[in-house]
Amino acid sequence: MIKWFSKWHGVVFVATLLTLLTGLWLVLSAPADYQQGDAVRILYIHVPAAKMSLLSYLFLTVASGMYLWRRQEPWDILAEASVSVGAAFTALTLASGSIWGKPMWGAWWAWDARLTSMLVLLILFMGLMALRNALEDPHKAARATAVLAIIGAVDLPIIHYSVVWWRTLHQPPSFAGPAKQTITGDLLPPLLVMSVAFILLGAWLLMVKSREVAARRAWETLETERLEQSHG
Amino acid sequence: MQPSPADARLQVRDLHHAFARHRVLQGIDLSLHAGECGVLLGANGSGKSTLLAVLATRLRVQKGSYQLLGLDVRESAEEMRGRLLFVGHHTHLYGHLTPLENLLFFADLQLITASEERLRAVVAAVGLEKFAEQPVRWFSAGMRKRLALGRMLLRQPELLLLDEPYSALDRQGVIWLNQVLQSYLTAGGMLLMASHDPERIAALPHRQLYLRRGRLVQSLEDEP
Amino acid sequence: MSKLLRAAYRIAWKDVVGDWRRRATLSSMLFFAIAVLVVFQVAFDPDRLEATRLLPGLLWVTILFTSLMGLGRVFQAEEEDGALEGLLLSAVPRGVLFLGKWSGNLLLTLLVELALLPLTLVLFNVDVWGQLPAIVGILLLGTLGLTGLGVLLAAMTQTARSRETLLALLLLPLTAPLLIAGVQALAALLQPGGEVEPWLRLLVIFDLVYLALAPWAFGWLVTE
Amino acid sequence: MSKLLRAAYRIAWKDVVGDWRRRATLSSMLFFAIAVLVVFQVAFDPDRLEATRLLPGLLWVTILFTSLMGLGRVFQAEEEDGALEGLLLSAVPRGVLFLGKWSGNLLLTLLVELALLPLTLVLFNVDVWGQLPAIVGILLLGTLGLTGLGVLLAAMTQTARSRETLLALLLLPLTAPLLIAGVQALAALLQPGGEVEPWLRLLVIFDLVYLALAPWAFGWLVTE
Amino acid sequence: MQPSPADARLQVRDLHHAFARHRVLQGIDLSLHAGECGVLLGANGSGKSTLLAVLATRLRVQKGSYQLLGLDVRESAEEMRGRLLFVGHHTHLYGHLTPLENLLFFADLQLITASEERLRAVVAAVGLEKFAEQPVRWFSAGMRKRLALGRMLLRQPELLLLDEPYSALDRQGVIWLNQVLQSYLTAGGMLLMASHDPERIAALPHRQLYLRRGRLVQSLEDEP
């Protein structure tokens, strides 16, 4: 799998770059919103980033489950990588949301259900990293983080449905579901392109990070062997 | 007649164990028959305790195979735990409990039913009857060791794993232990112990096993 | 079966008795809980109405933090002279070990809660004595899940460095849903016309999920 | 003299740096702080005005919690293989041991406070940025005394003998005035027209008394 | 010429020590001269470790007198701690620190200035150079013991108290220790050790002291 990543990550990188550039061009050339002005352009970062952070956690849950079931190291490598990628997207969502929130709600932060649960997701990601770091035995670390990731997955539906279950400041879902369409034709094409770009970006980051994790582990093994040999 | 390896009730083949940064056991082959006693000798850090911990199912078998009484460790570790007894460097005693309570705890967790008289008899056998009601925390090193070893009187295990059992025991304790081990072996138990004082075991029929850097070797003479 | 239950009981017994004899966890938990109440009383100096509004949050925050302190110690007893190793070498399934550890912790936490509750009501001068049984019921439901998850995380972080911070870091976000349900259930109870039932149902669901998953997950975590 | 300071530094170093080294400690403390805020939010759901009133209490409870939590760990390290005995056999006066233990815990607690403070202000939308230095000052003053008392408490529960339960009871009334003064000082600071000074003076007096008495009491507690 | 008791650099007269429920030392008279080695022999629980702990100033002298180098324990315990070294059943090592860091910790707390080369040299002398950067937690029993004993190389103490120093050491370790002790004695140090294997000390000139139920007796032959 890692080999396959090594072979393809260049291609994915180029594809990411191209879609991202197209997306940005579309975003900048789209008309400003009559209500929100230029602030609306953050939407094209915020929404795909938010989707990707949820997707990353979903992926993490699957990889963790597979690791516990099959006990194959590649699943653990994928899990470790998706934690980093997910944390980055989550941070981006929070940051872009906050920046957007200042003009829209008059404050960087508000304690509504979606924002709170998203913050919890970030804490979870950080907790997973800290846990892996803090356990010396790699097998134990792998198992513990996998179990924790699965337990933490309860946060996902809460984030997703928070706008439906609770009265919130935050925008209700706009693509699908019972809520009325709020995204007009003008906004749709750049958003779609940006979404594709972010999916590609996520895939690329995952590949690169997995490669790095795998390389680090291999290096550690080699280092141990070298130490042993030097001592006879 | 020498019993053939196929009769062995404990069989270990090409056993490996590595801690994160360190390969400790590098291919151990070992077998024991009923009534046999093996003594592991080797330098500090050569892997004796690690080998015993793997056989006690405390550490995972990372490579190779380990079978006890026809059971495979990868499938029936839990059942094996009920058949063997391990007394290691640590006594596994709770300081705030008395000797009786500690034994009761052990019995319940090994699913052994033991009456109070039985427990008292064990405490007396290891020479601690005077201290039966005192918290173990205050015990001297040798008293703790005696109590830990006393566990093997609660039930005759099929495999006994001892890590430096003689340390901290006084002269009488050594004699007592050798008697107990003698009758354990006569009753057909298997015994594997790690030790640095082979002279103390002289009284028992045994086979010496030399461990060097995680491998069993013919002798320790060529130790650097 | 009854032997397995007996083993679980023995573990819980050991933890509770040990704690009682040393008065360690119980006293520091209670100490902390009282300090929290005092601080809040001084800080908010709430009038009667406000006190009723804040009460659910107050109770739950105190319980959460207090039990977090207790959880940090759950595995401390097992550090003594290799006791955890002893547990892992016992002949019972891992789930039984979890059951024992969990019920011991549950009991201690409940004791603190029982002491805490009347104290809070008196200190904040809230007159909800009539609803005491219902309040206790809600606290109990929340505590079941909280301690279940907590013991699991404590097992997970047990060998980690800086384990206490890590435990808090992991437990707090994961209990957030449980906390919401608990606070809302209490709030609904204390408001005239509040709907308790949906929140209760949520609490029960969380409890079931955590307590069903935990013994199984515990098995993964403590093995070598 | 400088050698004694070096010894105290070494103890603190061992507690703090020793096991936090190379680990993402700071970030996990930061996120722990955020998690605490989330918990408070979920529990109290305060509006903007209320948030300002709750702030002093929130900050102090969190600080109390963090420092107690850190303390558990601080003395736990000494349980390992007789380490406390090792400390007591060292050639330095008991006061220096206290100094080392205390400063390690102080550092830890202060780090969390520093992470917590700005986050609290942002997330609760409380606009008191202008008074940040004064707030930090008050927190610092309170933390000095609090951690001093805390180290004593931990030493007590560590050495666990009967006289200590008694002392634990004594400590609560000692902590309460400090916490009250801290809370009131903060509250006065954040209210327009509040009088901070008398509370500050009280804080300083408590600090001086506690920190003068603590090393002495510590020496008495830990000597057999 | 036999040195007269008045020359003795360590003098113990009618020493008593009782733990709450139990009189352990009941009138010990003992003196040691420069370059002399005493070996305490006796059954488990006879009070050897307790005697050593009293001499190490770890336990209080409850009755009787104890003088070292003209210093009286009741007045100058602190100074005495700087002149003696005690290595007991416990290693006093911190698992999360490396051997180098553990030695550094010890040096700082004994107010010894030791350069890094010095520390490295000690680690090498006890045969642990390969493990100099690894946390001590993973060490085997013998490796820990070696490191604990290595402390005496950091500074020549005037009184050396060893509790079962040979336990856990391999054959080479025993040879190494005897060499070190030999040169320590030649340099005029005083040594008192408790042991259960007198045969290991045979190489050293020594005087045997028999302890029975807290009293020094002429021989152990009449042991019940």
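Letters A, B, C, D and E name the chains as they come in the text, with residue numbers starting at 1 for each one.
Assume a residue touches a chain if its C-beta (ideal position, glycine included) is under 8 Å from a C-beta of that chain, and two chains touch if they have at least 3 such contacts.
Computed from a prediction, not measured in an experiment: that's the story for all the values here.
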(request) Averaging each chain's C-alpha atoms to get its centre, pick out the one most distant from chain E. (result) A
(request) In steps of 5 degrees, what rotation angle do you get fitting chain C onto chain D on the CA atoms? (result) 175
(request) Would you mind telling me which chain pair, A-C or B-C, is linked by more contacting C-beta pairs? (result) B-C
(message) Taking the mean of the C-alpha atoms as each chain's centre, how many Å separate chain A from chain C?
(response) 32
(request) Starting from the mean Cα coordinates of chain C and chain E, work out the distance between those two points in Å. (result) 46
(message) Taking the mean of the C-alpha atoms as each chain's centre, how many Å separate chain B from chain C?
(response) 38
(request) Give, as an integer number of Å, the spacing between the C-alpha centres of chain B and chain A. (result) 50
(message) Could you pull out the residues of chain D that touch at least 2 other chains?
(response) 19, 23, 28, 31, 35, 38, 42, 45, 80
(request) Two or more other chains in contact with one residue: find those residues in chain A. (result) 116, 120, 123, 126-127, 130, 134, 136-137
(message) By the touch rule stated above, which residues of chain E touch at least two different other chains?
(response) 89, 96
(message) Give the list of chain D residues in touch with chain E in this complex.
(response) 3-4, 6-7, 9-11, 14, 18-19, 77, 80-83, 85-93, 223-224
(request) Report the residues of chain E in contact with chain B in the complex, numbered from low to high. (result) 19, 21-22, 42-45, 48-49, 89, 127, 134, 138-143, 145-146, 164, 167-173, 196-197, 199, 223
(message) If we count contacts the way the header does, which residues on chain A are in touch with chain B in the complex?
(response) 136-138, 220, 224, 227-228
(request) Note which residues of chain E are touching chain D in the complex, please. (result) 56-60, 78-79, 81-82, 86, 88-97, 101, 104-106, 108-111, 113, 144
(request) Enumerate the contact residues on chain A facing chain D in the complex. (result) 107-111, 116, 119-120, 122-123, 126-127, 129-130, 133-134
